[in-house]
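Across the two complexes that follow, chain A remains constant while its partner is chain B and subsequently chain C.
Presenting the complex of A and B:
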């Protein structure tokens, strides 16, 4: 049910994007997300250039474009939160309809804002996907460390990444154990939803308890090896000239996108 | 941009010219819920001893180990290399006693094998170069050198166990405590782990239910039951005493 690829999108390769220092890639991904946010609504040309820039990155990295597009669909449910903007922003009415007792009107300003948010979110998620597909997770951690992100935050991220696998295995085992005992006779009624919900709730509780106990054991293992509240790690990355060059290209690209977005 | 660690003076003082590496006297421990786990444990380990700690589940093996490493604090005497365990010398104690927990997923908490094996030396204050050196040595000792950059999650159970041992070897402890090292291993992985443990020069204290492993590589056996040492003798003698074994829920496979 959980596959390894559910969490691990890294695609091993030796492309120039893979070889870039993780710092550059992190700055690039965060940079394009920031640039997206700063672009005005309806800056379609700038959005288009951002998208093309990302597609070029994908091609350079040798990842399948379809992989990135498919993955980027995860952004959609979050964008739906913004759907009310369609109806609430004052402007020229485009379409009106009735749902239940509500009378809803989509305005042109609302539509523009909503599609802009949609495109922004979609492009930003693609930037993050390219980052994780071309950078091993430990390297992202090192990059963040070099970028002076607080160590506790990085440690939380690394633990989450490490134990996501363990936790999902545990969840899979619980689900399999339940499935193995969920027998039913041909003419027996389906169990009521209430019962199923209770079961699922119990499982979540089980998972929480197990994780809680595991956290205790992990902490013991850390303390036993001399942990005293300070995270120390070795970070083996050094920026070479190619990395500075890559960073320069990304930054000038982003500036260009901003100029186009604001003045054209 | 390497991160520089202040070199720390070599603090490892070996006080144990002749004294025992581990000394526990009349150790009592109760959990906060009132359950009494240890009821006066007394035992000693001399340098180079390889001892098994056996006993039924709930006999206090894990509690004893956590007391020896100074994670739990019972009442009684606990000395490592002649030093009583106090809050102040815990870091020193932990550089001298390494513990390999039963579940390698608890022991290996870093994203990569390298970072996990480097964790101990780094937190002991080793310099970056020395840490790297120690990691390479420790992984070579457990025959896992080529796994240095792998992600811990992707290893098999046997590989995880070996790396877990390396995480402790890199700290160069005098005493290594292993909790259920052979549990959950297939015969081949178990065999290679036994060979590895047999080659370790350190003093060993191994908590296990695997009496065949005990007979093979651990000359001394300590039986724990209900928080007490009920037998402490040569493995050969103890394994011959079927009455004793049965009384404490143990069984030697034929």
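Presenting the complex of A and C:
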């Protein structure tokens, strides 16, 4: 139920992409996503260049292309939300077919809009994956700090990240314990939903109290070791010339993509 | 991945730029306010507490139980966080949960994160805390009913604003997205309500002392009640209208669009469902902008009201 691999998004390596300053990577990922949203529907050439640029980054980072492709499917279920646009946008009919009693017609305008949304979402999620796969989460935190995100939020995020795995395992143990105690014969009646919900609610309450009490212990332990309300880091995180160069490449590439998308 | 991606985590690419930016602005405004307000009450020891509470919400979203038809009941957590931790802390905790889900697991996008935080973190906390304040001093049965209603409505509110964002971005037609989203979340909300009430009952029975400290954060009780009630009322009024009469919604939007357009542009009105090219004054852009501004204005207004409550009013209402 709780797979180690689902949490291991970071792919350790020493590539030039990994070594880039986290600020550059955060801005780059957000920049690509922003550029995607700004491209008009059907700007296939620009979308294609964006995709190729991402593939080059994946190769430079030394991550398996299949890893990125597989993870990029997370956004797929949401496509259901947009699928109806295929049939409802007025335009030239392309294909008609019948499902049960519905007569559905795909229009050219609908197809254009739908595939554009799909491609936009797919390229955007890959940009986010590359960021997470090449940057350790604490480094993302430091990058956000240099980008002037409020310190309180980053402190909360860092603590959350630190205890995410601990509490997820705690939750998994609760779920396993429930499964172990809830054996039932194949033809026995299902317990009522209300009862099950109460059970799940008690588990949530239990988990809450354990977390709450843990936070007390964590704080006391930190104070005992000299915590003064600030996170310190040994990595300097200064922008060197390679970082500025990387940022410049990304920005000029994005401008080029925008020009191509809007004028060709 | 076991933390089931609820259909409310919008990925990048599904919302247009105007909607994304408008909701980022609204979210920055409110989260910024939450940081400012909580600085007064937050002590150093609360930082680990909030981080661990955020991890708790994330882990609690893994706990589920089967409901009819293959769907499962699980927790979104915004209402519970606000009830147990207080409104500002609840908002900060949910903001962290949603940011981390996007940054680490690509569960929800980065550019649309403002919208996601608004839908799942801010609205849920405001409704949860506001309605809880109404029933706080009643006996347990009424408390539970109030919390159940708050949890259910918070999910519905998230579904409603998500539908609005998708529709105004021309990603889904109104006639389908409203009935589908609201219909599904009517059920999902029941799971949320049941778990939230059971968890609340458990916590208050085992550690009744935990709920006390947050009363310091809930200054201006009436303000929270008003904000929570107004958002809830809007959800209750708009949801049935939006899901049964989407055409009516289109007419309203069309009128709004006409209003905005008549003033400054010579362009003739384009029929609805045109593809929005950015930067051009078109139906969806104008409506999106207007709605964004109205939402931000309303929220800023009510939060401002909530924060600066005159002291004499609350003196004789606080029982503790």
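The criterion applied here is as follows: the second predicted complex is superposed on the first by the 195 of 264 C-alpha atoms of A that agree within 3 Å, B and C clash if a C-alpha of one lies under 4 Å from a C-alpha of the other, contacts with A are read in each partner's own complex, and residues count from 1 in each chain.
What we mean here is this: contacts are C-beta pairs under 8 Å (C-beta built on N, C-alpha and C of every residue); 3 or more make two chains touch, one makes a residue touch a chain.
The structure presented is a predicted model; accordingly, all values stated were derived computationally and were not measured.
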**Message:** Quick check for you: in the superposed arrangement, does A:12 touch first (chain B), second (chain C), both or neither?
**Reply:** neither
**Request:** Identify the partner contact of A:99: answer first if only chain B is touched, second if only chain C is, both if each is, neither if none is.
**Result:** neither
**Message:** Quick one: is A:211 in contact with chain B, with chain C, with both, or with neither? Answer first, second, both or neither.
**Reply:** second
**Asked** Counting only touches as set out at the top, which of chain B and chain C does A:166 meet: first, second, both, neither?
**Response** both
**Message:** Contact-wise, after the overlay, does A:222 reach chain B, chain C, both or neither (first, second, both, neither)?
**Reply:** both
**Request:** Using the touch definition from the top, say if A:185 reaches chain B (first), chain C (second), both or neither.
**Result:** neither
**Request:** Based on the superposed arrangement, let me know which partner A:138 touches: chain B (first), chain C (second), both, or neither?
**Result:** first
**Request:** Figure out whether A:158 sits in contact with chain B (first) or chain C (second), or with both, or with neither.
**Result:** both
**Request:** Mind telling me which of the two, chain B or chain C, contacts the most residues of chain A?
**Result:** C
**Prompt:** Which partner does A:146 reach: the first (chain B), the second (chain C), both, or neither?
**Reply:** first
**Item:** Interface residues of chain A shared between complexes with chain B and chain C
**Value:** 137, 158-159, 161-163, 166, 214, 218, 222
**Complete:** The chain C residues in contact with chain A across the complex are 1-2, 5, 7, 9-17, 20, 31-32, 35, 38-39, 42, 44-45, 47-56, 58-60, 62-68, 73-75, 80, 84, 92-93, 95-97, 99-100, 102-107, 109-111, 166, 170-173, 175-177, 181, 191, 194-203, 206-207, 210, 271, 273, 275, 277-278
**Request:** Sort out for me which residues of chain A touch chain B in the complex.
**Result:** 136-138, 141, 145-146, 158-159, 161-163, 165-166, 214, 217-218, 220-228, 230, 232-235, 237-239
**Asked** Touching chain C in the complex: which residues of chain A?
**Response** 1-3, 6, 9, 29-30, 33-34, 36-38, 40-41, 71-72, 74-75, 77-78, 80-82, 84-85, 88-90, 109, 112-113, 117-125, 128-129, 131-132, 137, 140, 150, 152-153, 155-164, 166-168, 170-172, 174-175, 193-194, 196-209, 211-212, 214-216, 218-219, 222, 229
**Complex contacts: residues of chain B adjacent to chain A** = 1-3, 5, 66, 69, 71, 91, 94-95, 98-99, 101, 103, 105-112, 114-115, 118-120, 122-124, 128, 131-132, 151-153, 167-168, 171
